[in-house]
Amino acid sequence: MQRIGVFICHCGSNIAATVDVERVTEALAKEPGVVYAVNYQYMCSENGQQLIKNAIAEHRLTGIVVCSCSPRMHEATFRKTAEAAGLNAYMVEIANIREQCSWIHKDIEEATEKAIVLARTAVAKILLDKPLTAGETGVTKRALVIGGGIAGIQAALDIADAGYEVDIVEKRPTIGGRMAQLDKTFPTLDCSACILTPKMVDCAQSDKINIFSYSEVEEVKGFVGNFDVKIRKKARHVDETKCTGCGVCMASCPSKKGLNEFNMNLNNRPAIYIPFAQAIPNVAIIDPEQCLKLKSDKCGLCQRKCGVGAIDYKQEDSFVERKYGAIVVATGFRPIKLDNFNEFGYADNKDVVTSLELERLMNAAGPTKGTLLRPSDGKHPKVITFIQCVGSRDVSGCGKPYCSKICCMYTAKHAMLIREKYPDTEVHVFYIDIRTPGKNYDEFYRRAVEQYGVDYIKGMVGKVYNENGKLMVQGSDLLDNKQIVIPSDLVVLATAIEPDPSVRDIATKLTISIDTNDFLTEAHAKLRPVESPTAGVFLAGVCQGPKDVPETVSQASACASKVIGLLAKDKLKGNPCVSHVDENMCTGCSQCEQVCPYGAITYIDKEFRIGGGKTETRRVASVNPAVCQGCGACTVTCPSGAMDLYGFSSAQILKEVEAICKR
Amino acid sequence: MQEITTTHKPLIVAFCCNWCSYAGADLAGSSRLSYPAEVKIIRVPCSCRVNPIFVLKAFQRGADGVILCGCHPGDCHYSTGNYHTRRRMALMFSMLNYFGIEKERTRIEWVSAAEGAKFSQVMNDFAKTINELGENRRLEDLRCKK
Amino acid sequence: MSDIFTVENIKRISGTDVRKCMKCGKCSGRCPAFDDMDIKPHQFVTMLGQGRVEELLSSKAIFNCLSCMACVERCPRGVAPANVIEAVRDTVERMQGGDAIKAEDIPAIVDELIPQQLLMSAFRKYKK
Amino acid sequence: MKFSYYPGCTLKTQAKDLDRYARLSAAALGVDMEEIKEWQCCGAVYPLAKDEIGVKLSAVRALDYAKHEDGLLLTLCSACHNVIKRVNDDMRNDADINLRANNYLALDEKYNGETKVVHYLEMLRDYVGFDNIKKAVKNPIKKKIGAYYGCLLLRPGKVMAFDNPENPTIIEDFITAIGGTPVKYPFRNECCGAYVKLVNPDLTERKSKKVLENAKENGAEIVITACPLCYYNLKQTPCEDMEVVYFTELLAEALGVKD
């Protein structure tokens, strides 16, 4: 039998001026189950709390109802009070008679009546409250970072800096990601490699960071603080522990037809290769599509040449299973395919390139050693035309509806660098809008125009075609209301970016959500921008939305601080107001599993006694309280009524409805 | 228009999700934006916690109107909860309409934590509508009224 | 004629939502008849949105549009400038005396090889 | 293989060759082209205005006819193909046009876009197969041939679904199949100037000239087309050493059935 105490707060005159607290006290004292009712000036004050504690002891209360301000204000306070008095913290209900009553009503009669109803409703609810204990789980003090681009690198370094172990899983043979492919970075124009490669080296040298390159996440189980992850280390046919990265194998390889992915396929590489000079790990890898030994068992030259015996043609994929407390997703982006944009002639003309290809063409480590030469004939282009928004802001179904955000800035960068290095080159930029918000960004773009004389044309290109060896760029000049044709030597397309396609698979494995453009969804667009809706999983970089390097680094560091905050805890206290299942009623229909946004519900086969000494095995739902966030979606979806929510049970809410509807 | 009988005090049950609408109601309160006292709020973690049975129960016990408030679509604290609510309640309300509960007696509104003014305006408007519709007896179970 | 009815009617029969236009100018960048148009394809969309039908109705461009659909094909926003141009042309031709060619002019223009398709097209495009 | 065939007006008069060689070639390839009865002019241009129903009806009649045959309507003239394909799309996706057309025609059974509209080139690609044509070729056309697509076969791309509207390959593949060397040139999907010929011949002549010059610059000796209007406009344009022929004529020649 419950013994409930009701505590009515005056909140100075905030409540007492409109609500007749004495009448409320009298009325509530007569409620069934209520053994004590009292009013006081400030319940939340030291004295008020002491009053509650004393009453709990004196009247052997099993639960308390505080009629005061919003539970969003002082619920936590009164829970602590109750706990200090030896009561379970969840045997507390708040009747909001300030925000929902005294503050919005003027008539004392009306307000008092309503306050009584609200207090009764809270009593009706508390009579069915049960003591709840928040579960505790341990935390594995290690983080997993999926993706080894600048986002992953920065997050890993920051986490390692706080003293925690971090593993980076990178699907390519080296970390570095897209930033490693860039030539210079805006708005300062420092060399991308110069600022990135030291960070890559730091990763390699840190005793806290472990890099799984050429590896992929195979399977993820568990929950916040306790993820079990299986990692597939793809066979690179080179023993990482032995290879010194000397490069002798590359020189000896007779197969030279492989397309150099790092250089955006603009030149070739051997079948055994190190992606680029500063690769981390600096270890060779064999491309099985190109290797003569692996394809037809001929050759074997590299094995003979290798001084340390690192080549292993028989190597197979291997698996590593590790535990992690937190996961950072940083899977990055790629430029979209241009199949739907043949009006720009990308498929038919070698000298129509994407911006990322131009980065390689301008990079000292690129296929042209940093001299800007056009791919078709290796000549210096004299007229270069840039086209912005290729595939961005396109709702026709051919491209992407969003703004890719980085193109305005990198196009200004390219234009500027070209004019700086080759002042005799004419540079035109077709733009729809110039979007350069950010510190020193618009100034940067203006410099391209004012200092470097880049010709910006407001308008869009309709067709690019080859005529007598010139690329004719036909577009509109809207400010002049003319259609113009610019005979160019090189055309650069500011291609839209999209999340790396691997993100879909990762999202499924981590039960995190993805939007219609395949960007990962954050827990709250404004206030929790680096957290995924799944506890313990964090987002960094373009996988969450288009962003440039500085923004990516900020987000990665923010991610790291969230991870550190999580790993710093020894125990994670859960929210006890979670779902639970009545196994006797559960039919194992899976509907709750489908609506759960957190993947908190799994199915187990369980043995049940069915009388006569017999048992039967049934499939029933099982809620992981550490993962459940307590939204209650499953409770309503469940067709058999087996699902219920602690703290907000169906029976409680029905009682509240009844209390309100009692005339 | 018929004169509304003054003896009947309408009863309105409002289910508010903890993260947006309940906070919106708090903001309405702290901004002193009044709405009729017949509106009584029940706090739920998410609008998707509202079982159609709760709505039926309210009408069975003589409620004159039931309103659900949740986060704006796309802003749900639990990502997708209010999408379930939206679909589920569209069906529920049309069924109630079929039973004779005028569709104006049920409503679903999206109120964010910043929309105190909207909360008050929605509640005023809803209460006005309910007042105009008058007493609802269609699903009331008189056995409960001893 | 610049009444709201005409504007709305042109919008309706064009089947195009001119508000979707983001003013990139790709339609005009691609138009093969651009030099022969006094009002350019992108202007048709903008001006219809602004309700400036009087200027559109007196435009010569409506008779030079080739209906080649290049503008419709490339529009990144799903706007159809050609439909707007045709809607304006239809509006003109549906008014008395709006025909751009008359049946009695035909014998003077045709040669022996002219395909029926051309005559049919021209009648459909230039006559009520 | 049987198709209901919609020839259209021009193919009965000025473009008899286009039609005749198509029939001869089809017979050689084992394709049965059955001309639909009492067909009416398609209207030559698809009316873009949403309130034009009357001029779409003849297309619906032809489509409905084919529906009751084998459900495949074969077209040859680009203009007819464009009109009929787009009207068919309206009947499938535009409820208003569907309702009004059906109300007007009062057919025994409503027509809802069930028929599949197939262009002769699509028939060659998807039903006969270019590989089989290659096998049937007796006199390979060993020339450099430029495909002229024009507008009507390709655009609007989403409705016509004929080929990639900016980088089509079907006619090039056809050229390869009949033993020729396809010449890809950028203006192959540009407008020839079309019906504007009657009111602004200068514009049309400039457009056609550009197409032919562009084809020539890229090395084409012949330009082939499927459209009588393009054919006329290109033929009217003076361009030295450039032949313009219907694609069916080359097909018939390659198959050895040209009389």
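Order of writing sets the labels: A, B, C and D. Residues in every chain begin at 1.
One rule holds in what follows: a residue touches a chain if its C-beta (ideal position, glycine included) is under 8 Å from a C-beta of that chain, and two chains touch if they have at least 3 such contacts.
Note that the structure is a prediction, hence the values are computed from the model and not measured.
J.: Go through A-B and A-D and name the pair with more C-beta contacts between its chains.
T.: Output for the comparison: A-B.
J.: Between subunit A and subunit B, what distance separates the C-alpha centroids? Give it in angstrom.
T.: Averaging C-alpha atoms per chain gives centres 35 Å apart.
J.: Please work out the Cα centroid separation of subunit A and subunit D, and write it as a whole number of Å.
T.: 51
J.: Distance between subunit A and subunit C based on Cα centroids, please, to the nearest Å.
T.: 48
J.: Using CA atom averages as chain centres, what separation in Å is found between subunit C and subunit D?
T.: 24
J.: Multi-chain contacts only, two chains or more: what residues does subunit D have there?
T.: Answer for subunit D, listing residues that touch two or more other chains: 165-166.
J.: Give the residues of subunit C that touch two or more other chains, as numbers and ranges in rising order.
T.: Each of 70 in subunit C touches at least two other chains.
J.: Multi-chain contacts only, two chains or more: what residues does subunit B have there?
T.: Not one residue in subunit B touches at least two other chains.
J.: Chain pairs in touch?
T.: Listed in label order, the chain pairs in contact are A-B, A-C, A-D, C-D.
J.: How about subunit B: which of its residues touch subunit A in the complex?
T.: 9, 11, 13, 18, 22-23, 25-26, 28-30, 32-35, 37, 40-46, 48-54, 57-58, 61-63, 75, 77-81, 84, 88, 120, 145
J.: Going by the contact rule set out above, which residues of subunit A touch subunit B in the complex?
T.: Checking each residue of subunit A against subunit B gives 70-73, 96, 98-101, 103-107, 110-111, 113-114, 117-118, 121, 513, 521, 523-525, 533, 577, 595, 597, 629-633, 635-637, 645, 648, 650, 653-654, 656-658, 660-663.
J.: Note which residues of subunit C are touching subunit A in the complex, please.
T.: 20, 22-31, 34-35, 40, 42-43, 70, 74-78
J.: Could you pull out which subunit C residues touch subunit D in their complex?
T.: Per the touch definition, subunit C meets subunit D at residues 12-15, 32-33, 36, 63-64, 66-70, 72-73, 80, 82-83, 86-87, 90, 100-101, 109, 113-122, 124-126.
J.: Which subunit D residues qualify as touching subunit C in the complex?
T.: 8-10, 13-15, 41, 43-45, 47-52, 55, 77, 79, 151, 154-157, 165-166, 190-191, 193-200, 203, 207, 227-229, 231-232, 235-236
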